[in-house]
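What follows is a group of structures, each given as structure tokens.
Shared chain: chain A. Partners: chain B in the first complex, chain C in the second.
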Partner chain A sequence: MIPSLSITPVFDTAATGTSIVEIVAQDSSRYGFFRVPPRAITAQPATAQQTIEEFSKLEKNWDGYGALPVTAESRLFAQGFLAVAPTVMLSPEISPTSNGTIGLEWQSREGEAYLEIGRTRYSGHIQPRNGTTIYIEGQSARLGQEEIAVITQLLYAASGAEAFTNSIQITEPTI
Partner chain B sequence: MLRLARKLLQIASKSLNRLFSRCWLVPSHVSDDERIVRVIYSPYHLDKKKKRLTHYAYDPTPRTDDVSVMRLDHMGARLCKRKALSFENAGKKEYRGFAVLRVRTVRTSAMDVIDSRRHYCGHADIKFLIEELRTREPGEPLSAEVGKRFRDLKDSLLEASNYLPDSQPRASRWRGPKLEPPSGM
Partner chain C sequence: MRGRMFADRLVTQRVDLRAIETMIFSNPPLVELVAELRWLPGMVDSEALQSGAQSAVLRFPLSAPSEESFARFSAAVGTKGFTMSERLVPVGFPSLPYNVVYRFRKPPREGENYLYQIGAGVFSANALPPYRDWDSFRPIVREGVEALLTSRPKSEDREFTHVILRYIDLFSPEFTEDKSSFQFLNEILGIRVQLPPALAEQAAHASRIQSGLQLSLPLKNELSMNLTLQEGTAAGKSGIVMTTEVLGLKPTSPQADRVMEMLERAHTSIRATFLGLTERLRDKMKPVQ
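Showing the complex of A and B:
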């Protein structure tokens, strides 16, 4: 069954100063539908993990413009994140950034997503083809299923991809 | 008449720079009409097929909002290439060609270009004018919204770039087509 997608409304994260994912994580009981059931990890292309592993070889100034080496923490968090991602998300463009973080990018007919994973924090955005930009950020150690669910639903739901959730309904919390 | 005088000045400054590394005639203000080039190295500035630039080609030096470029009109293609090859690191970072931009296009996208001859004569920097790039911790990303703005600026630089791969990267001279920004820019 193709999951439905309903986001109503995307609230102003700038006003609350907290990302959607963080708000969901902070009060997960209100967003129980957002939780992702544990599932077996499907065959994962070794290339994504290997690509990230290769970044350990990058020395200072690897880009010729003073780039920093990719931190071990960023590599571990990125590998951990991809280890639990569904098949459809397993082939992002993976690149080191000059500030020592790792950038992951996905593109689909529905839009694009960018996630940058750092030593202690991650941040990024999802740009649906038709719709407002959704910003995501938080602690790298907590990066995981919620972010996967949001990206999967927004970029791959229409393709009938293996999605984890039936719907994402995000409403502005009453404070 | 003014255009001719400017052209003569560029030829003179280019020759002084190339032959004697002298910066006397290079104006410190980077004019809107100037062409600048970003040296492109493989693998990290190009996509998997090594054909198209990625936005990482315009990642700034850490703790700055500066992207190093060369003032083509005051260095000439030959000196630009000599410099590019001197920064190569065999097997890790290989020279592949140049991305050419017009200064005016960069400035109309809410960025700036300034001369930075302290590095070498003809060096300049594209400034993103994003404070958080200068203050962020090493190994950490920008905040999500600033990161998106930064990404949009890099995308506009990609749009304004004409990437010209060097078909003979080992040759000492630039033998490709004329280094020009995309038509109409």
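Showing the complex of A and C:
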């Protein structure tokens, strides 16, 4: 069977968050426009979700240097975080670490960000190309919209990258 | 020789722009103008602040926006006549970074339609029609920025990560003369979008082709421009919505002069862009000066 393909332009409302005038799409099925909420799960995070799921197969000493297996909690929190991340953030580089945590790394024209998600806590940094390095930390279970807002603002605000981002979903027909 | 002629033409163009620099329009397509500041919300590590280090620590969850700082801002803008306030996020509800919490307006008064908005890590001064010109809006922005600088909590008293000026224009049928968006971009705004033969040969007619544009344009002076043109509806009217946004690529010191300087540069850039793109619409916009 041939999978169906749908391409939906996605726009982050953050860029016009302070506008008080209501702006909507003339035809949102054809043009993504303002006020279209980011989709929760897209092809990129879906791929990311699978990548993280694959980490469950890593056994102790998976790197040959005594690495710990990636914990189920780390996988769960990383998957939960990526599920709510808007597509403007694009797909991060995802890697297991020898501590049993998961590393997520984003790069944009405006800088880079790194998060290491562990069983109970996460830490990381945001390095804007111009400006102060921001170290961030918190509880893995609460990782979510606040972190997304700050990373998105510092890495993607100037590029208007959301305007070029499409969410591409490839789904198997149900019949 | 050819290069010199081109340079001469540019100079002539500049002179022309200078001549219309003070031009204002009685029928502009402007829907909204927003001057916006963003900074890192929440508690930033105090040691980093004191040492002036090149790094800072943000601990999540971020501390809730300080009601005290909102109250200070409210008092400050209240003295300037912005006495009407509206809370957009109910008390006790979580406020996400960069989301507006309060909006402040003046009591209804003929000829002015400005407002301020403030939230976690965000401030904006907005101008709505009837909008006269930047000269009228500039002092409103400055007073808002000054009020913000005196009201932010010490823990957030850092540089602005983004200073943004955004114009939203709507080209209604009055301006487009019912041209398709494809024609409007090409024939009116002068943005050449050419279809390759593979598409042009199949297209029924240019008047039915819909087209949009999204540009992210790093500028020469450490600014960046995002220009979007799409069909849409704004403020209840349909047409082609043009959003022109210019922002600084480097953080801006938390001083009113520095912020205004950045906004002036952004305004100069947006004005040149607008005047250049809308040259063929000038009569419809009714210049009055």
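Criterion: the second predicted complex is superposed on the first by the 114 of 175 C-alpha atoms of A that agree within 3 Å, B and C clash if a C-alpha of one lies under 4 Å from a C-alpha of the other, contacts with A are read in each partner's own complex, and residues count from 1 in each chain.
Please note the rule applied: a contact is a pair of C-beta atoms (placed from the backbone, for glycine too) under 8 Å apart; a residue touches a chain by one contact, two chains touch by 3 or more.
Remember, it's a predicted structure, so these values are computed and weren't measured experimentally.
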Contacts of A:Leu154 with chain B and chain C, given as first, second, both or neither: second
Chain B versus chain C as contact partner of A:Gly103, first or second or both or neither: first
Chain B versus chain C as contact partner of A:Glu146, first or second or both or neither: second
Superposed model, chain A: greater residue contact from chain B or chain C: C
Partner chain(s) touched by A:Thr132 [first = chain B, second = chain C, both, neither]: second
First, second, both or neither for A:Thr87, with chain B first and chain C second: neither
Contacts of A:Gln79 with chain B and chain C, given as first, second, both or neither: neither
Overlap of the chain B and chain C footprints on chain A, listed as residue numbers: 14, 19, 133, 135-137
Chain B residues touching chain A - in the complex, by the definition given at the top: 39, 41, 44-45, 47-48, 54, 56, 59-62, 67-68, 87-89, 92-93, 136-145, 147-148, 151
Of all residues in chain C, those that touch chain A in their complex: 31-32, 34, 36, 38, 40-41, 54-62, 96-100, 103, 115, 117, 121-122, 124, 126, 128, 158-159, 161-162, 164, 166, 168, 210, 212, 214-216, 224, 226, 228, 230-236, 238, 241, 243, 245, 247, 249-251
Interfacial residue positions of chain A with respect to chain B in the complex: 13-14, 19, 62-68, 71, 73-74, 93, 95-101, 103, 114, 116-125, 133, 135-137
Touching residues (chain side chain A, partner chain C) in the complex: 14-27, 30-31, 33-34, 110, 128-139, 142-143, 145-147, 149-150, 153-154, 157-161, 163-164
